[in-house]
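In the two complexes that follow, chain A is the common piece, with chain B as its partner first and chain C second.
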Partner chain A sequence: MLFPTPEFAIFFFAVFVAAWALRTLDEPRKALLLIASYFFYGYWDWRFTALLAVSSAFNYVAGLFIAGTKGEVTRKRIVGVAVAANLSLLGVFKYYNFFMDSLTDLTVALGIQRDMPFLEIILPIGISFFTFQGISYVVDVYRGHIKPVRSPLDLFLYISFFPQLVAGPIVRASHFLPQLTRRPELTRTAVVFGFLLILNGMFKKVVVAHYIAAGLVDPAFADPTQTSSVDLIAAHYAYAVQVYCDFSAYSDIAIGTAALLGYRFRKNFDRPLGATSLAQLWQRWHISLSTWLRDYLYRALRGDKRDGGARMYRNMFLTMLLGGLWHGANWTFVLWGAIHGLGLTVERFIKTHGHAWRTSRLRLSTVGAAAVTETATPSAAANRTAAIVGWLITFHLFTLAAVFFRSPQLDTALRYFAAMFSFQGGPHLLTPFLFALTAGAVAVQFLPGNKIERFAAKAGDWPAWTLGLMLGAGLLLIEMIGPQGVAPFIYYQF
Partner chain B sequence: MRVPLTHLDSLTLRRSLAALLTAMLVGVATQLAFAARAHALTVAVIGDSVAHDLGRGMEDLFANNRHVRIIRQTKFATGLVRTDYYDWNAVARDFLRHHKPDVILVVMGGNDRQAIRVHGRRYDALSKGWLADYERRVSRFMNTIKHKRARVYWIGLPPVRSDALNYAYRIMNRVYRREAARHRFEYVDVWHKFTTRGGAYSSFGQSLEGVKRRIRMEDGEHFTQVGRLVFAAEVAKKIGLR
Partner chain C sequence: MVDESVSYRETKTFWRWPSRSLLPRPAKRAAEDARKPDSIANVRAAAFAMLIAFAIFLVFESEGLRHFTRDLPGNHITDVLVSAADRWHALMQRLGPARVQPAVREVFDRIREIHW
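Now for the complex of A and B:
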């Protein structure tokens, strides 16, 4: 069931009405939301609801075991087994055939080819998201950040809550579970905030991402060898915009629907295409994943030791490499992660050593204190230039790496780059409208953030009929100006 | 009066003759090269994204064969139902007029399981009215690509992961087979090449090296790089190109 479809609208309306009718009855309300979430998931393929239930049950039991065990070594073993079991689930369904295929490549190259035992399995939708939520729960219990959940209903609902189930954001147990113990409230501001986020998401997905994908990105990536360089250059920028609009739209709608049901999710995107460094980009792009990787992977790689030097760079690179692989079982994603990992380590190295170099210059300076202060504070113009250069490098690294992210196979990406840098042919796919859409979507990244929150706070006092009219007219307008049909969200496949 | 050739004159003459001979050899070689190129069999692959996979596979398969030249006219997310979005009759007519291929391979229909609207009436996919109209569309397209000097092969749709789509594809393949026979085209059935012994869809199959590999993409419809080669080799074998 896709968000921008009539099926979801009917489903959500029914859940919304029933959930608020049961607002004073905590347990029945949660049971209703759980049933709705399993219906939402089963609508795609009911067979995988069992997988979701088994995953939830396992993490529930693991949490209780960890909390009920005193010895540190045993606790560590239990959490290790729990994390391994979660990763095994992901490994079997997502990476097993990729591993077998890569092994076949290797055996063919060595001339000792054998038939590998491939498994005819389908990747269950949302498995990467709910598995990561399960891991975060057991690790947080182990670290003592949260207490284990006694009610299975709460844990099952946390793992399967439908707004975030299939494509995130990856909600943390420490943030969501306490909300289940409080009685949800539907304030006017929360309603306006939810409505605006849904409208914003719908516009980004149905209008911007869809037009860009159908008119430019899909045809260019379908056959780069038969596409002109100008179109390929435009399409690689456009894809960065498309993937941002597509994924942030899903997050917006997820956060908006959760808000309408009385729950708060944290922001998942914060104008990432305007980032002036890679570190900043990853603080603004898919925030729930990048913070997850920082807290559960980078921290695990680092251990108890203080990070620094080559070890820190290695851990940073490995985190991004595995983060790339998380997106899909394909060498294209591994390369994408490696590019970002390498970029981040180089950026960190330059920043660290550049800072050390500047500091040593200051120490050596023999001129007076005033002169030192002057040297230490770069001018506004220098800051602006550094920001522009930083943005240009970050943006282009992101868009170029995204070619690997979008390509179904490595050879498609290589053909894409070969054709793009052949500098032949004029624009055929690129139209002024698509150019304006792409450029406009990048330009709005430089506007101040929190616009929706600020507007929601102001519009909270508006009469109900005005708000209803605003949402209805907005949805109608989006439906009218968007192209026909609805493409699945990009992050569904992850 | 006869003037005897000096040593210098004789040297110039020999050089001139050598240059002339070289020029003649280059000319003959160029002519031969052009002749060889002219005799290369031009194979056109036409159709949707599945045709794109076949075309790419054929390009790789015949990459080192100068007797076969592969050309492609493929477009993703198109078919014979949404002529308002992409008119295959007009596109194919122009393409074939311009390239004049010797062999035409068509794969079409992967996106056609959708309602047809004719004069304000809507026919649901695979309904009686839909089948009658779809048959007319297929026939019209076959008339467009029919050419005296080109052999035309209509490649049947391969199976996909979705049972609902497979049900439709089987019915549509019967339409293609029937219409191909009527237009004296050859219908090439590839269905069983991509199923298990039990007849079920499989993402895996034997590569050209004889090793079990992933041949279908994660979407359960398109072909991987290895799969494209398997697809192309199967078609090439069935039409006598290999």
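Now for the complex of A and C:
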């Protein structure tokens, strides 16, 4: 079931009314939300609900085992088995044929070609997201960050809660499970906030992402050699905007629908295309994934030691490389992760050594306090220049790397770059409308954050009919100017 | 020695720091949060607002309603829904609201097709 469809609107309204009708009955309300979540997931293919249930049951039992075991070594073994089992599930469905394919290429290169056992595997939607939630639960129980859940209903609902099930945000057990133990409350601000996020998400997905994809990105990537340089340059910027609008739209709608049901999810995107460094970009882009990678992958690579130097750079690079591989079984994703990993390590290296260099300069110039102040405090103009230069570098690294992310094969990406840098031809695909959509989406990244929250707080005392007119008129306008039918969200495939 | 009186902290400007309003609120606002909202009244208001939005859709997007009913699996109930949606769309066309969508669409398509 896709968010921007009449089916989802009817489903959500029914769940909303029923869940709040059962507000005072905790267990029946949670059971209702669980059934609704399985219905939502099974709407694509009911067989995958069994996979979701097995994954949830396994993590529930693993959590109880970890908490009930005293010996550290045994606890470590149990959590190791639990994480390995979760990753195996992901590995079989997502990466099996990729590894077989790569192994075939290797055997051909070595002249020992063998027939590999390829399987016809359908990738269950959202498998990465619920697997990551399962891993975060067992690891948090092991680390003592949360207590194991006694009620299987709570854990099953945590893993399958429909707003975030298919494409995130990756909700942490420590954040969501305590909300299940409290009776949900709904403030008027949360109602307005939920409606505004749904409207915002619908506009980004149905209008911005759709028209940019259909009019510019898809034709440019279909055959880069037949597309002019101007269109290819525009399309590589536009694709970054498309991915942002598509994915952040899903997160917005997920956070908005959860807010209407009385649950709070953390922000998943925070104006990432306005970031002035790569490190900042990854603090603002798919925040739930980047913090997940930091807490469960980077920390696992680092171990107990606070590392620095080469080891830290290696771990940072590997984290991004594996983060790239998480997006899909394709070398283009691996290369995309490697570019970001390399970019982050270089940026960190420059920052660390630049700071040491500035400090040593300060030491040399400690003649008088006035002189030190002059050297140490950068002017506002210097700060702004540094921010602009940082943004230009970060934005272009992100958009250029996105060409690998979008290309189905490495070869397509290389042909794309060759055609783009040939600097031939004028705009054919790029129209003023598509230019305005792309540039506008980038420009809004520089507006102050929390616009929606602030507006929701102001509009909290609006009467219900005004809210209804706002929601209805907004959705109607999006529907009127949007396409017939909506393509699935990009992150469904991950 | 480095002069400790000098502040090395970067200025907190909007392009440097992500906003974090959805994270748990700081403790100092706990007293404000402790006031319980009237959830039931807010649920009623939200449900009423959603019903108004549905009504707006039914009036102005009667064509979309026809498409939706035609995509439903065929049976006696959906047959009734399809014919009801057809009658409703004919009525909305006669009264005017169903003509708004094509007019808006035409203007939008004209803007979309402007070239350099």
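Points to keep in mind about this one:
Quick note on the criterion: the second predicted complex is superposed on the first by the 492 of 494 C-alpha atoms of A that agree within 3 Å, B and C clash if a C-alpha of one lies under 4 Å from a C-alpha of the other, contacts with A are read in each partner's own complex, and residues count from 1 in each chain.
Keep this in mind: a residue touches a chain if its C-beta (ideal position, glycine included) is under 8 Å from a C-beta of that chain, and two chains touch if they have at least 3 such contacts.
Since the structure is predicted, the reported quantities are computational estimates derived from the model, not experimental observations.
Of the two partner chains placed by superposition, only chain C is touched by A:L260; chain B is not.
When both complexes are overlaid on chain A, the residue A:V17 reaches chain C alone and has no touch with chain B. In the superposition on chain A, A:V108 contacts chain B only, with no contact to chain C. By the touch criterion defined above, A:P219 lies against chain B but remains apart from chain C after alignment on the C-alpha atoms of chain A. Touch criterion not met for A:T352: it reaches neither chain B nor chain C. Within the superposed three-chain model, A:T69 lies out of touch with both chain B and chain C [touch as defined at top]. When the two complexes are overlaid on their common chain A, residue A:E185 makes contact with chain C while staying clear of chain B. Of the two partner chains, chain C is the only one touched by A:A473; chain B is not.
Note on chain A: of its two partners chain C and chain B, the one contacting more of its residues is C. Residue overlap on chain A between the chain B contacts of one complex and the chain C contacts of the other is empty.
Touching chain A in their complex are the following residues of chain C: 1-3, 5-8, 10-11, 13-16, 18-23, 36-37, 39-40, 42-57, 60-61, 64, 67-68, 100-101, 104-105, 108, 111-116. On chain B, the positions that touch chain A within their shared complex are 49, 52, 72, 74-77, 161, 202-204, 209-214, 217-218, 220, 222, 224-225.
Note for the complex: chain A touches chain B at residues 97, 101, 104, 107-108, 113-116, 118, 120, 122-123, 218-219, 222-223, 226, 328, 408-409, 411, 493. Chain A meets chain C in the complex at residues 6, 9, 13, 16-17, 20, 23, 184-188, 190-191, 194-195, 211, 215, 255, 260, 262, 264-267, 270-271, 274, 276, 280, 283-284, 359, 362-363, 366, 369, 372-373, 376-377, 380, 383, 387, 391, 427, 430-433, 446, 448-450, 453, 463-465, 467-469, 471-473, 475-477, 479-481, 484.
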